[in-house]
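Chain lettering (A, B, C, D and E) follows the sequence in which the chains are written, and residue indices restart at 1 in each chain.
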């Protein structure tokens, strides 16, 4: 059942989705932190921006990415010239698309967990000599771990399933940007392609199940290490 | 309104079909609605019992499949429109080439460049493009240098944004996109005829729908189709 | 060591406190809702007061006029909160060790074990903090604060959920710690006897966000009105004495107080050392004649200074023993029966064991 | 700028997205509760199922819905005959598609909030005479409200942005299933439609911004009513 | 009223407790980590023990043999937890009213106001519970439990963060409540004097998850070994007396104890009523001759039964006053000086005011 193409598509998908969540995690943490802690009224605008990829049709997001980060765009050109960082038609583009689409799903649970943290425990850490930075690293983040895990699961799943933005921005290039959903889509578009599509769908499901089980086990371990009276 | 018609039409027909329907609605006491989506999507929906009256596909194969499945009225089927396939480049590029067996598309693309096409296995425009390139014997050399987009419009966008130096799209698409320039036209015989068949769906007994179908073959409709870059196959 | 002058509003409650204390131990005392915890939070830098100035161990940590605010983590505070506030994601050992991470001088292994022993939390070290009993949590919180190598200790009812045996160990430890390392302590408590055991230097009483008393312990004890109805049982005086000799065969020490002798349960100080005894007014009995054949070892001859009636048909008898004040609280009936009057000489009878439970301290001034 | 079509599309979208989250909320609460509280090992399977719509390309989800609930399917036929409930090619179908795509986003934050609740407070309610049902209604749910709101925001945004599954399952029927993203797609498909598309994109953004601001205000009110030391 | 026989393991800790108590108030006593709170949780039905049987106010609520377990919300428990556990999403008023929702008989408006007054939380009613001070939270928690119209009260160190004045009001209220409504109370405390004030019926001492003592208070008080070092200061006896008359002009009441008179601060009971006094051994002084001209109003003639030396150079003198036991704790030196020996007749001197602070109760049996 797993011919080389399937394996190639699968490993590319995993790689793209993993990269997507890994690169977006630090920014997501920062944004979630800002949204959870800032009292600035304008933070709603940031909040709205973060959620935009959810509301807009993925194809539009992909198109905007193309306009904003394509080789001929100002930013895209600069990135390409300065860092050699090219997105269009590259797996990096697929990862970026996945990261953006998964971003709101990563931010929100982290924010939720941050907001649920009892600030008194953080104060206690401060009295023990921990600077705000250390409090964040040794108290806040560990306590927010359930939210981080939930966010990672959602974002990873979303990145794995991302189709519209990816194909629009990064196109469908076998071995480079042809991820699982794009491959599935391709099969589904042709009469009689259903069985190959079904096969890939099963692979998707298996992968996501594995990811979920892993996350669940991690979350359990974390929870065992933490709370629960 | 007394009569209701639901048309399922390939998404690429939107402008033209909207124009036709508008004109039709002016003279008729009919509520016409058009659902635009990919031909494949619409065909599958029809297979699943979609409540549509008419189907206008962007290629023959999905219509064939519906006919085989008994989902349309074979007698009502006819080829409505024809389209052509062109090679486009960004507007300000100076690419010039002729399409023949010796054309070196690779060198125009360069090391990093891709030829933008709609999905070459699935989307009609992509399939026709593949046929044309195969006929010209250029297909093999382009392997690994084709960026397959979701559909023709996405492929067109890639060229319009300058991401891809060249793209294969319908003539009708190229007409309206100011940021691209038609470099060359594929010979009509280098690929299966690009026709848009239309048919009444099985079990439909809606005089208004038959009426609209007939209207599409009128000169009045043909004029509108032509305005959006389509060739009308036959008028009554 | 501590100088505070702040104003802070939270909701309907306004805290407006100013006091100085150059004592090593400052006892914060007052009814529930008086603002004690709020004051500690402000001292610790967890809450920024609306205005004012805070000086801590000789260092200005807050001054609204100069826009100075040293952040909490730079104040080197050891804070035992009213509720334990442990780190749920760390086990007991790591909770205890948390502060050492950031301390410039890390407490050594010996110190760690000493604190763990004193608090009897050795068996808990590898446990999660959830599931600990109330008292266990409190002990871990105390240990955590002590092991952070603080420059000042803020203790908010730290003994509230401890059993008496544990209190008996923790209090003296904190006292020694304070003495050894010149560590100023601010100690909140509802139990006057805890305060007395520890805060033999200075008392600050707070009520409704305002300081109602700030001064030496002795003065505080002499003003039952400040103490409130029930605390009056702890009202009394601090009596200064000098160790004369030890009677090890009886487990007693003999002191002189002015010219008179006092026997108290054995104290560790050498002959010649000056110590202070807390003598509760309610533990002092009065007799016209020196009683004989009585179990009480201490009979002090005193001169009655004044008689102050108290609401509950009780009389506070203020006396002078040599240079020092002594006080007895007796029923009005007894006062009448004995026909007590200012100027009389009277015998104050005090059980040695009544003194046993009270704190003494190596004496500077009271 | 707001011609009748735009208004029609907008109101339809809002209606569809609202219906989607409203109908899925009770089930999401139940599932989140189950996932948060059950100790049954097999709950991971349920967890995986909930996440599936995230991982699968939306088009596939739509296709499966079409096959499973279309008029010619067994279930779809039964629903139509028995309850007169038709999904395919109806706004109800668009709502269903939105509900399914948003479901994981609704469940996860609720679950996160439920897991963060201190069970000791629930115990306290029990000693005061509240049955498990009442504890759930008067203590657990109010305390989990931040999670419910976060979930609703994500799911609503997702339902508002849902494209692939909707167009595949419910088609693109003006006034019935042509929601904002589908209308945007339709304009984008043809030359010269970009400006109309851009206009609709702005409408999307405005709507989502409004929804976010509303949710933020509600959340603030809730938070003011609750915690925060 | 309470019959318990359970075994329960949690982690390394095993609770194995069996005791009965037909007293209205059962005092649970023991060091930190002994298992007191665990026991309350089990009684409340919040934790299901591994095995055993629990009977509560005549109703079997748990029986592992019969697989019977009445769920917590049907046990009609008023539980004041060691940590307040208030509802953060409700204001004070709604926290207080929460239990009434589910109670069959709702406490009336008068009752509500009575409880609010007693706890002095009137000004807090519309406040959120976060931001309340430690003592305020605790008071709300007490009110919440009282207003749920419980059939049994479980109090886990309810007074820990209250100031003494508040304690003084809350304790008697709870006592009255218990008396009026035949409400059984289980009361956990580290403060023996709290227990004595309330739990004049039965004491259960727990240590390391096992019951080390279960019996009448008097018996408990007479066994200092159970009390531990510091609690020994509360050791003593319960002395039964009968009100003879009141001396309102002196704020005193006269009692007979056997054939002898005792004066105590005014009690509210009518002449003829039997009451119990807690007499601490450390408050009793002994004299060979009846002292005269002394402020102490109470001198009881007693017969020495035995002398028991105690670690700290102290001697516990067990005496008989008529039919009843009395105990004095004096220094060994005094015992020697007075040449005390069993069989001697001796005079026990007790200050009235020392009795003032101790509890009495309307008496059934001790």
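By definition in this document, a contact is a pair of C-beta atoms (placed from the backbone, for glycine too) under 8 Å apart; a residue touches a chain by one contact, two chains touch by 3 or more.
What you see is a predicted model; the values in this text were computed from it and never measured.
Chemist: Determine the shortest chain-contact distance, in steps, between chain A and chain E.
Modeler: 2
Chemist: In the chain contact graph, what is the shortest path length, in steps, from chain B to chain E?
Modeler: Minimal hop count between chain B and chain E: 2.
Chemist: From chain A, which chain is the farthest off, judged by mean CA positions?
Modeler: When every chain centre is compared against chain A, the largest gap points to E.
Chemist: Please indicate which chain is farthest from chain D, where distance is taken between mean Cα coordinates of the chains.
Modeler: Farthest by centroid: C.
Chemist: How big is the gap, in whole Å, between where the Cα atoms of chain D centre and where those of chain E centre?
Modeler: Their C-alpha centroids are separated by 57 Å.
Chemist: Suppose each chain is reduced to the average of its Cα coordinates; what separation in Å results between chain C and chain E?
Modeler: For chain C versus chain E, the centre distance works out to 26 Å.
Chemist: How many Å are there between the centre of chain A and the centre of chain D, using C-alpha atoms for each centre?
Modeler: Those two chain centres are 20 Å apart.
Chemist: Find the geometric centre of each of chain A and chain B from their Cα atoms only, then give the gap between the two centres in Å, rounded to an integer.
Modeler: Between these chains, centre-to-centre, one finds 35 Å.
Chemist: Mark out which residues of chain D touch at least two other chains, giving numbers and ranges.
Modeler: Residues 59, 63, 120, 185, 188, 228-229 of chain D each touch two or more of the other chains.
Chemist: Send over the residues of chain C in touch with two or more other chains.
Modeler: 83, 131
Chemist: Going by the touch rule stated at the top, which chains touch which?
Modeler: Contacting pairs: A-B, A-C, A-D, B-D, C-E, D-E.
Chemist: Applying the document's contact rule, which stretches of chain D touch chain A when the two form their complex?
Modeler: Counting only chain D, the residues touching chain A are 44, 47-48, 51-52, 54-60, 63, 104-105, 108-109, 111-113, 115-116, 118-120, 146-147, 150, 153-154, 157-158, 160-161, 163-164, 180-182, 184-185, 188, 197, 201, 204-205, 207-209, 212-213, 216, 223, 228-229.
Chemist: Applying the document's contact rule, which stretches of chain E touch chain C when the two form their complex?
Modeler: 10-11, 30-33, 36-38, 82-83, 127, 131, 133-136, 138-139, 156-157, 160-168, 190-192, 228-231, 233, 247, 250-252, 263, 265-266, 282, 285-289, 291-297, 312-314, 328-335, 338, 349, 351-354, 356-357
Chemist: Provide the residue numbers of chain B that touch chain A in the complex, in ascending order.
Modeler: 38, 40, 43, 61-62, 65, 114, 116, 119, 121-123, 146-150, 154, 157-158, 161-163
Chemist: Help me check something: in the complex, which residues belonging to chain E touch chain D?
Modeler: Going by the criterion above, the answer is residues 41, 44-46, 71-79, 81, 83, 85-89, 98-99, 101-103, 128, 130-131, 144-145, 148, 154.
Chemist: Under the touch definition given earlier, write down the residues of chain A that touch chain B in their complex.
Modeler: Per the stated touch rule, the residues are 59, 63, 66-67, 70-73, 88-89, 164, 167-168, 171-173, 185-191, 193.
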